[in-house]
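Next, two complexes with chain A in common: one pairs it with chain B, the other with chain C.
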Partner chain A sequence: MTARIVALHGAVIVALFLAQFVASDYAVLTITRIMVLAVYALGYNILFGYAGLLSLGHAMFFATGLYGAALGVTRLGMAAPEAFLFATFCGVIVSIVIGFVALRASGVAFMIVTLMFSQAAFLAVLYFGDITRGDEGIVIKDGQRMFPLFGVPMNLADPVLRYNIALAFLAVAIVLCLIAVRSKIGHVLVAIRENESRTAMLGYDVKRYKLIAFVLSGSFAAVSGAAYALLFAYAGSTLASIQYSIHPLLWTLLGGAATVLGPVLGTALMFLLVDFASGFTSASLLFVGVALILLVLFFPKGILGTLRQRYWRWLP
Partner chain B sequence: MAFFPHLLLALLEGTVAAAVLALSALGLSLVFGVMRVVNVAHGEFFMLGAMLAWFVAKMAPGGPAVGFLAALIVAPLLVGALAFVTERLLLRRINYDPEATIVATIGLMFVIQQLALSVFGADAKAVPAPFSYRIALPWFGFSGYKLFVVVASVALLLGVWWVLAKTKLGLIMRVTQFDRETATAFGIPVNQVYSAVFVAGAALVAIAAVLIVPIQQAHYLMGLDPLLMSFIVVIIGGLGSIKGSVIAAVIIGLSDGVISIFFSPTLASIIATLAVALVLVFRPQGLFGVPAR
Partner chain C sequence: MTVLLETRGLSKSFGGLKAVSGVDFRVEKGEVRAVIGPNGAGKTTFVSLISGRIAPSAGTILFEGDDITALRAFRRVQKGIAYTFQITSIYQNLSVAENVALAAHQPGGRASLEPLERVGLAGRASQIAGTLAYGHQRLLEVAMGLALKPKLLILDEPTQGLSDAEIVDFIGLVRDLAKDGTVLLIEHNMPLVMELASRITVLDRGMILAEGTPEEVRANPSVQAAYLGTG
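Now for the complex of A and B:
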């Protein structure tokens, strides 16, 4: 790994660490949220950016993590770390099963099938409203978010702890992404994106690599969902709806698909835009829609994708 | 109610659901068949058609029947015009790239939804049926208008089939579908064909919405359901195969009706979605689709 790549990504993480000392309480909360959701976008980008598979159903994996953690804590009596591991495990299993079926379809059919599975999951959340509490959602009580770590009591309601946990997740996700895309797996995925039949002809097991990308991506989403539920003490059905499948796509497109930091940048910018817009209108979806259209029309490579094309050829 | 009348009611409702499905999926299937792109804003075209039907019905003097007939003309014209603009300004500029089209039409979906919310408001709007004849069965009454919807959708389906199979326009569409480049080489104005097909798809779904809205209600979020159901139908039937779509619509519509009446509509939707998974596992190109060349 070249020095400047390590330096750039390290600098981003360090900058985020230092930000907590200067930011206001509100900004700390917003950045925490952005960092948790950036993990979701990073995972989405593995599948969409590198493998070239456009999924419209990632909310399903996000929701698996979300409800796995929330139900683990409130119904199964787990402590927060156990619930997190349980939710991640559920996410991996669901990604394997869904990936196995959905990857039988390709191109447009793949997008539709992921969308439909996700919608079925969303409907299932509503259907089992007795357990999931549907629209209203599950609220995790403060007492259930405290746990001892090596004898030290931890309270997830504490904003500083929350911020640093989210940062740790993001840092691990960025490092994992860097390793994955610079490894053989990453190169094969790009090869599949560029020319699937040629990659297959060269002797690579295309199906296996796509499944690997799918499961990685789905697991990142589940981790993000689980962290979201535990850190913000809430799991509701809106977080499983189609919008939450579109969000990571938008963030990735904005920041730059197939760049490691693109999804992080995209998540942050979109949050700022929506935050700014909510000052004078409630129609935040309008901004999402217009942003999608403009990106596709005029800026298909996103911010970092364009920068890489013009100046920084080395950007991973 | 005893079992048999209950089943009869379920089957009748299922038939209506099948007709509604086939009708709303028709435009999507046509557009995908010829242009090979998926229009995610299809459901919003449906919603706009329904909203326009409500608006026209409210404005038109002289009873629901006049409003209904006026809406049948106004809605497809306006929605078709919007589709024309979309095709020119959006799809053509991204050169009908399948992925970019999906992303752009998702954006369009959100924009139309929000605008409809701002213009028409969030409340559901009932539209009166053009006539209110009830067929009195020994066990229950059944709305004559619902049966009219079935008849109308069969007529529309036959009409589209006739255009595609028997007219020169249909021949041109099928040639474009078969091979875009060869069609261009033979002097077929492919761009105009695409324009026409996209507009026709939107107009068809607007007509479907005008027909259906007296049974349902107009609401700014109503577009999602027909969109997803259309997806189910075109995937099971085979992307681009109109015959397949119709047969899938009948299967899904009937089972949907029966499961909705005996159990719950949500369960029916979940089962329909899982049916898609099964079809994909055993026959990835759909029941009547041809594998991609």
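Now for the complex of A and C:
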């Protein structure tokens, strides 16, 4: 059973590795973007899919990583790897602080509290436009994206390097997710989602487990944001807006909440759908809307969630 | 005999209503103690205070001599107080085995099926809990209590909604539990209480009206007036 799980997830990673040799330049760029954002969705799914906590404010963690990295490089004179670690650290701290406050609420109140914090963060990005350059955003210069790694010069503008870095992030994220959800923590999170008061009355510290999920989830978002800024050389306020809180929710729902690969599949499909639709209409969001309605009607548990329910009971 | 659980002056008010008022109560190790009383007597509030699901307005709770009044519910469970819900509260979407594994703090692992064997559900371990018949769900609830290996097992109206035949089985089960544990039983069903309990505490309007062996309680005139009826 475990062998099947390792084989499936390994195959996905290997397939993505091989894709770079056959894909067009444009496809390589698109897949790079999908892989970076899939890390965001994977993290979102830990909180939403497994722990059953719907956050409407994850853009603030994504933006923490994004601006932590961009400002680290442009303002604090850090090299790209340092800026990445700095941004991740900021993401962990912000998720601990926000999680501590937001988890005092539950249900709809939790959604509102996370939304509120995230909007405050978004407005702060605009308010401190002198530093963040607001709407216009920060562009990282090519020179700032070069750094030596163990003596070898690296250039993040190189599409192949960029692709493989994104793939490495995704692979690590998938493995960490698998470990987390198959560990005691993952099972307790599902128990909290299924019946919180019962879980407390079995002697589990429900608040602590929820905070673990929240911080894991926020940290994944920050890693994704930091990678996004460094790989695509841009950090702008749109990426901190509510749209970027909703995106991971939709990707997760589409691919299948509480399945490890669901968010990855959902991110990819949503990207391809928008890409396909924008080829002949400017109303590409209409397609997204129709896709979501079909999803709710026919695949309420998402694609992989439904497949698991019907055929693959072993899918983690 | 050693005292396992003790409350001193335990009180809980909801606004102006005193649901539990100044209750001094002791449970000794190894007994089956029943708490009975008419509807609204404060029974469920009283056990909720003991299990930590609600905080008292006044008074202290001691467990094995330690003051646990300020402990949160999950800490009390860790200390050995297990609570089974009056309204069945199991993981409907998970398997019976996983329900018990969670209770045994080995989620996802191979927890012992012994608690399921004790309640007679071992044959249904792989079934999804929500698909069990109601009586079996109640038994699963008790099995989860057992899997916690508690020092004190609180059963809040465990036979509510069970058929007479199921209640007979249940009496056997509680007898079995009492051999190596302490049980605090909140119950409406008088014949059951009279048969099972070693001692009975009668609550009325949030206060202890009487306490003693089943015979003493049955013979107590004020209990008869308040609860059993005088006829």
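Simple rule for what comes next: the second predicted complex is superposed on the first by the 301 of 316 C-alpha atoms of A that agree within 3 Å, B and C clash if a C-alpha of one lies under 4 Å from a C-alpha of the other, contacts with A are read in each partner's own complex, and residues count from 1 in each chain.
Convention: a residue touches a chain if its C-beta (ideal position, glycine included) is under 8 Å from a C-beta of that chain, and two chains touch if they have at least 3 such contacts.
Predicted, not measured: the structure shown is a model, and the values here were computed from it.
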Residues of chain A touched, compared between chain B and chain C (which is higher): B
Which superposed partner A:L297 touches (first chain B, second chain C, both, neither): first
First (chain B), second (chain C), both or neither touched by A:D135: neither
Which of chain B and chain C A:A109 touches, first, second, both or neither: first
Touched partner set for A:D158, first chain B, second chain C, both or neither: neither
Touching partner for A:D275 - first (chain B), second (chain C), both, neither: neither
First, second, both or neither for A:T199, with chain B first and chain C second: second
Touched partner set for A:A191, first chain B, second chain C, both or neither: second
Chain B partner contacts - residues on chain A that touch it in the complex: 54, 56, 101-102, 104-105, 107-109, 111-113, 115-117, 119-120, 123-124, 126-127, 242, 246, 249, 253, 283, 285-286, 288-293, 295-297, 300
Residue numbers on chain B that touch chain A, as the complex places them: 32, 36-38, 90, 93-94, 98-100, 102-104, 106-111, 113-115, 117-118, 224, 228, 231-232, 235, 239, 264, 266-267, 269-270, 273-274, 276-277, 280-281, 284, 292
Residues of chain C defined as touching chain A within the complex: 51, 53, 73-75, 77-78, 82-83, 85, 89-94, 98, 102-103, 105-108, 144, 148
Chain C-touching residues of chain A, taken from the complex the two chains share: 182-184, 186-188, 190-191, 194-195, 197-206
